[in-house]
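Two complexes are shown next, each including chain A; its partner changes from chain B in the first to chain C in the second.
On to the complex of A and B.
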């Protein structure tokens, strides 16, 4: 039996009259890349917010590696090993890429207040290798603000990986990127996750991306997980096609 | 205006600019990172000055040279304790709130600390000039002046400028402060605690204000109200430079310090007016200040 990394049970969360989650159960297995699909506004991003401590569910719980993290703060959850990549990459735009990564690595190691020069931090070589892994080594000395969106996405993933997470949660990793570029970015991204043996959950709207990169797909609609399965099974389901893909 | 007066005014201006720079760069740093205009910054200057004088009077009989580490101890002690308490228990509650509220609260703290200062140190002038008297006088183009004011004060200011630049641009601790300033959410997402970074930054700014006070203490009699004069002047410098501008604060401090000193020797009735005339003139032409710009990095 495969190991469950993240396990949500009976999640309920409402915003005013909108029910984003109404009894959501979801297990994420070690090593897999799980896609969450569903109509806009269905609550997919809400799930990522709950799993990273930014929102507290009104009922239900989230366990990470057997530990209840429902009441944990975002920082405590980050320290336990869940990192996050956002729909809009959250980078320190005025810092160089390598500086941002060094800050993330220092945060992971809990040494932020030092007067050590950025030039000779012990994590530097490790972070350069991480950039190599996402194919952005040549951008190390560039400020994030000058990078095109596609590269920012990759640097954002490198930031998440710099924290040495066990699980990465990604909100639309290919949004805002030209469709021609999507596969190239996902190829690099998934290879990097696999190289570091990191499990991932990603919210995605592009069914081609889901088909190609997800090991399993969860369909989130009307506050519930409607179905979970392989992309082949789920994307062929007529109910899913009408509900989510809207054909 | 003869040469002696020009030299005297220039030396007065430079030494005073060094002190104003230390205070205003602390004010600017705190504003750049926390976006709060801290009127109580002037109290940190005053307490730094009084603490340095108190320590100086206590240790001078043992050895007058001990007054030097005393200056440093006063700056670090006042900045860390008073600055730390202020940030942790008061200012943290008003970040992101209405500026008028922030001004009122920090002004109230300033008034309270000003009164407390009268209770602790009284209203009689206190004079502790040992550090100034220890260093020899030097002659600049025939004009005798203390080397404490002509060399030590500008030296400390220059080192502060270089050190602060280096800290913010090249060290991890500085990069973290800038990262939190740029994007608090992203910083939190990678596990940084912004509150802790704010506390450290505030204490750093507070130490700079207290250092200004400590270094000023041997050059003047300490009286109630010294904090008021300094906070108003350092606001003028910070606004002229553009709030959050560190190098700009150095240049604006020099401009205002020199202009004020020359006014004292030529048209003394304009002493108080000159710094604000410069500020108003600059802000009329460049509302963001000489070096301020509407760009992402603010410090």
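On to the complex of A and C.
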């Protein structure tokens, strides 16, 4: 039996008249890469916001490794081992890329009371390797503000991975990336996740990416999980094709 | 070490030459130079907070806390030692900074600035109104202390204060630079650019800011205790909002991108005030106003930004 890492039960959240989640149950299993697909505005990002404590659901609960985290702050949830990458990269624009990663590493290892220079932290080599892994090593000494969108995306994901999380939640990891590069980036990313045995959930619009990289797919529509299954099963489902893929 | 700190070491040598040579040209300048260094220490604290994008319009409260710690000691305990005064000033600033900081680090930008101002005006009115303890607007005179048991004539003591201020300024400069390069100091700048991400890295932005806030309050308290001894008095004016404004003014004048900006700004500010008020008694504020307008329009990174731009230009030309 596989181990459940993240478990959502009966999540309900409304924004005015819009019901983003109306009794959502979802389990994420250890080691898998779960894609969440669905029409725009269905509530996929809202799920990531609830799972990381940014939003509180009106009903329901989220458990991470058996612990109820529904009322936790994003900071507390991060410290438990859930890292997040954003649809719009959230970077420290005035820091260089390597400095940003070192801030993450300093947080992970509790290096807050040291007067050592950030640049001289022992995690520097590890962070350079992480940049190598996501293919952004050459950007290490650049300020985040000068990077093009595609690189920012990679740095954003690298900042999440720098925390050595047990679970990473990614919001459209390949949006803003040139379509020719999507597979190359996902190849690198999934390899990096597998190398560190990190479970992942990613919201995705590109069905080719889902097909190729997801172990399971959850279809989120009208505030509910309509179906969960392997990409082969789900993407062949006529209801999914008409609702989500829109052919 | 040499490479990383060559700017600070260079500046220290320039400062050392200045305090060695300038008093030979004009002995009356000794006290002015000490005052510049003491105020520079306070402004260092403003620059720390500006790294996080936060402007305090109330930092005079910590400056006054340091000054009154010295004044109260002299009044109720007796003349103490200069080193003791400095410790008291720093501790008074730090303790008050922790208390006020626990409230204000929950706010940002204009709310942060105004809340600081409000706290400082509470302190100002307490110092004004509690006449029995504080002498009200007259303030409390500060007698000349000894330094590690040694006593000095007034003339000698002005030199002692200059050298002591210089030593404190250099120590504070290196300590602040070290802090700003450390993980916690780097996180201050991250508050300015992306607080959300900071929280999503598991870091409490409030705690990061609180450390910066208390650090800046300690520096203000230390500077306040120095100024009280240099000027031999502590008055409620030390806590008044125009004094807070003056510190922010000096920080912007000097440039907030580097800790050295504090001293460059303080030097220009005090020299302009000193000479302009001697020549044009009623117009010195206007002259300072024009100086600030020119800086903001022509060199938004402040005096230190001009120096940096030139040295960067030379490097790329070479």
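Basically, the second predicted complex is superposed on the first by the 245 of 247 C-alpha atoms of A that agree within 3 Å, B and C clash if a C-alpha of one lies under 4 Å from a C-alpha of the other, contacts with A are read in each partner's own complex, and residues count from 1 in each chain.
Keep this in mind: contacts are C-beta pairs under 8 Å (C-beta built on N, C-alpha and C of every residue); 3 or more make two chains touch, one makes a residue touch a chain.
The structure displayed is predicted, hence computed values, not measured ones.
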Give one word, clash or fit, describing how chain B and chain C relate on chain A after superposing.
-> clash
With the two structures laid over each other on chain A, which partner does A:95 touch: chain B (first), chain C (second), both, or neither?
-> both
Determine, under the contact definition given at the top, whether A:103 touches first (chain B), second (chain C), both, or neither.
-> both
Please indicate which partner A:75 is in contact with in the superposed arrangement: first for chain B, second for chain C, both, or neither.
-> both
In the superposed arrangement, which partner chain does A:180 touch: chain B (first), chain C (second), both, or neither?
-> neither
What is the contact status of A:197 with respect to chain B (first) and chain C (second): first, second, both, or neither?
-> neither
Is A:119 in contact with chain B, with chain C, with both, or with neither (first, second, both, neither)?
-> both
Overlap of chain B and chain C contacts on chain A, residues 74-75, 78-79, 83-84, 90-95, 99-100, 102-104, 106-108, 111-119, 121, 159, 163
Which residues of chain B touch chain A in the complex?
-> 167, 170-173, 175-176, 178-179, 182-183, 185-193, 196-197, 200, 296-297
Can you list the chain A residues touching chain C in their complex?
-> 52, 73-75, 78-79, 83-84, 90-95, 99-100, 102-104, 106-108, 111-119, 121, 159, 163
What part of chain C is in contact with chain A in the complex they form?
-> 4, 178-179, 181-187, 189-190, 192-194, 196-204
If you look only at chain A, which of its residues touch chain B in the complex?
-> 74-75, 78-79, 83-84, 86, 90-95, 99-100, 102-104, 106-108, 111-119, 121, 145, 159, 162-163
